[in-house]
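These are the structures, in structure tokens.
One chain, chain A, appears in both complexes that follow, with chain B as partner in the first and chain C in the second.
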Partner chain A sequence: MEDIIHHRRIYRTLNRAVGMAAMVGATCLGLLLATFLIGRIVPIDPVLAVVGDKASAEVYQRVRLELGLHLPLWRQFFIYVKAILSGDFGVSVLTARPVIEDIARVFPATVELAVIATLIGVFSGIPLGIFSAVRQGSLLDHLARIMGLIGYSLPIFWLGLMGLMVFYARLNLLPGPGRVDVFYENMVDPVTGFLLIDCILAGEWGIFRNALSHIILPASLLGYYSMAYLSRMTRSLMIAQLGQEYILTARVKGIAEWRVIWGHALDNCRIPLITVIAMSFGSLLEGSVLTETVFSWPGLGQYLTNSLLNADMNAVLGGTLVVGAIFLGINLFSDFLYEFLDPRAR
Partner chain B sequence: MIPERARPNKSALKSWLLSDAPASAFQARAGRIYSGCLDFSKNRSAVLGLSIILFLILIAILAPRIAPCDPLLTDLKNRLQPISPKHFFGTDELGRDIFSRIVFGSRLTLYVVGLVAVIAAPAGIVIGTISGYLGGAIDTLLMRITDIFLAFPKLILALALVAALGPGIENAVIAIAVTSWPAYARIARAETLTLRSCDFIHAIRLQGAGPFRIITGHIMPLCLSSLIVRVTLDMAGVILTAAGLGFLGLGAQPPSPEWGAMTSGGRAYILDYWWVITLPGSAIFVVSLAFNLLGDGLREVLDPRKGY
Partner chain C sequence: MKKTVWIALVLSLLAANTLFAATPGDTLVMASKLDDIITLDPAEIFEFTGAELAANMYDRLIGYDVEDAGKIFGVVAESWDISKDGRTYSFKIWDGMKFASGNKLTADDVVFSLQRVIKLNKSPAFLLTQFGFTPANMDERIVKTGDYTVKLVIDKPYAPAFFLYCLTATPGSIVDRQEALKHAENGDAGHGWLKTHSAGSGPFALTIWKPSEILILAANAQYHSKKPAMKRIIVRHVPESATQRILLEKGDIDMARNIQPDDLKGLSENPSIRIRKKVKGALYYLGLNQKNRYLKIPQVRQALKYLIDYAGMESTILSGKAVVHQAFLPGGFLGALAETPFSLDVEKAKGLLKEAGLENGFSVTMDVRNTEPSISMAVAIQASFALAGVKLEIIPGEGKQVLTKYRDRAHDIFIGRWGPDYMDPHTNADTFARNPDNSDAGQSKTMAWRNAWDIPGMTRKADAAVLEKDPATRVRMYLEMQREHQKSAPFIFMFQEIEILAERANVNGFPLGPSFDSNFYRFITK
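Now for the complex of A and B:
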């Protein structure tokens, strides 16, 4: 009997895994189709971009054949998918290097910024949300709500410029844009690509401090947005938990209030909170496009914008695809954690 | 009972509106709208949001009368002038009056917000209700497509689309609309799924109504309230995205007085001339805050189930 139940469970898990894989495959294919079609509607003639407008008709024809533009659309799409799957995103017109190499080079800067911002958001937003939920209607609760509302309404690029104006230009407390001061640039070997870690590995504490002072402002701004979102979500999750009967039971049993809140209630918010944090991390990667432009941060966002302004479509679509894939990966990861951590979902 | 036309007595009108036993569909509807308005007017922040938006609309309509200068007129002799009675908000790097530019910029903001709402919301509701009502293979296909759009981060997809279509405010609107509809489709579908198996829908079907009539006549109107809430809340994000595209040089093109593009134009001067970017950015903030406040208030009135 137990054997049958066991088998059934394995079968169900497998079934779900296959269904999930099919869904992921379909969505990935859809992502590729979307970037492919966006690439097709470009008014720029890809052949002209290669040969220039003074080329003869024969050269034009030859390049057209080489690029496979005479083939039907579905075959072009097939070739595109094959190239992407083998890691060939095309060559960037701007840097004359393969797009995938460019992205690998700039991506750690973005991740570094987003990780620190997420840490700031988690360590300020979640306690704030818990406190607002416990003391509903208190001054801090109202303050948190107002700060959240402001966070949802402020243009991030403008806030970045204002931050630079106040802390860099007026008060001279923090350094200006960039990842490190100009004379420190390229002084540390990019082992991991994460500048702060590379500095520690090389033992360059002066550069480490400089890099840290550069990252504070952009990371706190992004962290503020993350905090606004996380505190709001934590608050509603906690309110839902605190109304449950097991909380009442725990209180009746005489368990200390702080243990009821931080132990019992928060423990049951853990799983949805992980999803929320993952989502906020994903949206920070997105928000970095504007922040990186403001702070001259050499990450994926700035790479995308530069490529955009120079009509470098291979780079734009490659970057879009990578960010889309990461988004998908984050969603999948949080789904997976849900399954893994929540005994009811098993 | 036919409602009387003339109602001189105010309290009589009130009791007619708030009657527990409405005598006609008209009275019931009027009463519902009235009590909704009462709830709404109790929510002070929502009223504040609505008044800011109405004020913005007024400014946009009266822009040529309010603005003291031509927003496009450059005057290099008077560039980067500080705030003065002649230039309320100072002048920018080409000597243009910033106050006039912000006033005219309100037209562009409303243009973007209005167009996105008009394009994305109907598209979302049509796709969502069809998907939810018909179910089966059509549902799977439409929701897969929706998922693909949702898998992209909004701003990045909008950037890629604008890159393909070319910069400009119309293309920015198209790009934002393309990234906005999937969320509306999801909401409309979720509402449709709960409505589909309701008794009144079965009753209409038994009377011989076809899917088209059921969807357009009975399901869509009931999806509207949650959709209106979501669209209003989204408008804050739309304003920020449009301003962000303008800031990156991919939205409205200079010299048009779009607030994001104005912020971008003043970037080089922030160290010494604070007013050049502070004021356009504040305008973006105030309008986007107004939509957030209004959206929160509407959610409490129209959609009390989902409020938290």
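Now for the complex of A and C:
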């Protein structure tokens, strides 16, 4: 009997794994097809991106053939998918390097920023949301609301420039734009691509401090927006929970108030909260174009925008695929966390 | 206690001067937009930033005086002479020049460099192939005649200035043959490697290049002329003008290259910042498609030339970034016409439209790239066209998209910016005054072709002017063509661009040339 249950469980797990793999595959293929078609439908001549406006007719024709643009659309797509499957994302027109290398260079810069920003957002936004839910109408609640509103409404571009103006130019507390001072540039070997981690690996503490001070301003800025979002979401989730009967029961039973809030109520918010955090982290991973522009941060957002504006289709498709894959990954991960945290799903 | 902290905070915010941090005395730090660099191989470079960098990493056979483009002098070439039939150019090269690698610069390098441009056949290759060089004949026409002598044979006896100016352009850069071949793959003459590395004899060599991030040049210890005062040039990619301004005021950079008019006003009041301007060769113009039934009427073309507020745009939206210029050769070029016969004259325009039978005006569209200053210019033109009843619909689009439409001749009016490719007048005459085949299948997509302007007569004149040997006669021919152009062409030339540079007051000596490939870092001192 136990054997049968055991088999069933294996079968079920296997079945789900296959289902999930099929879903991931189908999503990726759909993503590929959609980006490929958009790239071909936009009224931009991809040859122009490669040869420029002034090339001779002969050069233009040669590149057109090289890019395979004379072939029917389905064959172009087929060739593209085949290349992707063998790990070849092509060469970027703008940087003259393989797209994969480019992404490996710009993506860590974005991830570094996103991770720190999310940490700031989580550790300030969630407590803030809880406090304002518990003490509705208090000064702190109002303050949190105002901060949230500012976060929603102020253009990040302006706030970034103001941040530079105040903390860098006037107060001299923080360094200016870029990932590290120019004089430290290229002093640490890019092992992982994450500058902070590479500094630790190399034992370069001076550069580490410099890089850390460079990341504070842009990360705080993104963290502020993430905080504004998370605190509002936490507040409404918590208010919903605090009005439930089990909270009343707990309170009647005489359980300490801090345990009611941080234990019972928050515990039941964590699943939707995970989704909210994952979504906010995911959107930061696409790269915040405006923040990256103001702070000259060489991340994925700038890379993708620049590629798109220059019709650098290999880079756009490669970048989109990576972002798509990451969104999928984050979704799968939060699904996994659900199962882990939600006893009903176990 | 808390109060004092707050007061200190407010006071420091109000302090007018930002805290100053200086860069090292032997290093120039510059903020620029590096996102237009798609290659650093001089056989392929066709972008402003890349051309400027190549000019500082590579030497060319000859150069021209940035203050007086008419003066041509030897750089790698010690001397040259031209055969009687005007087709053979013999160059004598300096003995003793070295590349940054330490290799000697010889005739082999010159032949290799010019031949690889033709063999690779990248976008700017036409600068050389227009003289009849092909991969098949280049071994007979680009010849080493001794260790330090080279002979170049061109197909027609062109005006010498035409060929010589083309040799001063980026594809004329002399590349280190041994170094390039060491990194060659599949017979690409080192192209793949040179896209991201340098192998020249110029005053600087490339040390670090991270696309859209940072670029560092180091002084070339082998440089043949006076060693530059700057040991390093650091160029950081800073796309935002306001950020460039903050960095410059703070002193973390010595030079900002992309300051916009808004930020310029603020900077001009700062005594420790100097603002410099240089008229460049690029022109802003309107192209009127002759396939449009209204625009093909001569009176309509002329009427529109009187419906633009040139002076108003120059002093407002283009403030400091451009000057009025109304001929197809930019000021500073041989034979450029300085006359500006057009100004906003609504009555005259209305009269011309009446002659064309369009006294009630007409509707027309204009394709505009969605960047400044094009958008603001388009809006201003829309307003002034309306004064005579011409209804202009603006179609904004992304740069490459608008360009694709223009190249397909699918526009009505196109607002464009054209930069010359080399210093000879033929560069603009070739595109604005030549249209050898006006059919839709026409292969040379000159600006005249794109606007479907069929001009066999003017094409012949342009072809004759480029063969004229006497400079004075040649100047007369170009002046005449430009006047005729102003009377009938479907092009409305409006402005000539000005490059703006903001630098710390302690930075001296950076010469700004008439094109980006003559901005030389080696004269900079601090």
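Methods note: the second predicted complex is superposed on the first by the 279 of 346 C-alpha atoms of A that agree within 3 Å, B and C clash if a C-alpha of one lies under 4 Å from a C-alpha of the other, contacts with A are read in each partner's own complex, and residues count from 1 in each chain.
By our rule, a contact is a pair of C-beta atoms (placed from the backbone, for glycine too) under 8 Å apart; a residue touches a chain by one contact, two chains touch by 3 or more.
Not measured: the values here are computed from a predicted model.
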First, second, both or neither for A:152, with chain B first and chain C second: first
Chain B versus chain C as contact partner of A:39, first or second or both or neither: first
Contacts of A:161 with chain B and chain C, given as first, second, both or neither: both
Chain B versus chain C as contact partner of A:215, first or second or both or neither: neither
Partner chain(s) touched by A:293 [first = chain B, second = chain C, both, neither]: both
First, second, both or neither for A:311, with chain B first and chain C second: both
Touched partner set for A:172, first chain B, second chain C, both or neither: second
Partner chain(s) touched by A:285 [first = chain B, second = chain C, both, neither]: first
On chain A, positions contacted by chain B and by chain C: 42-43, 161, 164-165, 169, 293, 309, 311
Touching residues (chain side chain B, partner chain A) in the complex: 144-145, 147-149, 151-157, 159-166, 236, 240, 243-244, 247-250, 260, 263-264, 267, 270-271, 274, 277-278, 281, 284-285, 288-289, 292-293, 296, 308
Parts of chain A lying in touch with chain B, wherever the complex brings them together: 26-27, 30-31, 33-35, 38-39, 41-43, 149-150, 152-158, 161-162, 164-165, 169, 236, 239, 282-283, 285-287, 289-290, 293, 304-305, 308-309, 311, 313, 316-317, 319-320, 323-324, 327-328, 331
Partner chain C, residues of chain A touching it in the complex: 42-45, 48-49, 51-59, 62, 93-97, 102, 105, 161, 164-166, 168-172, 176-178, 182-183, 185-186, 293-296, 298, 302-303, 306, 309-311
Chain C to chain A touching residues, read off their complex: 9, 12-13, 15, 18-19, 24, 29, 35, 38-39, 46-47, 121-126, 129, 192, 195-196, 208, 210-214, 216, 234, 236-240, 242-243, 246-247, 249-250, 252, 398-401, 403-405, 407, 421, 443-445
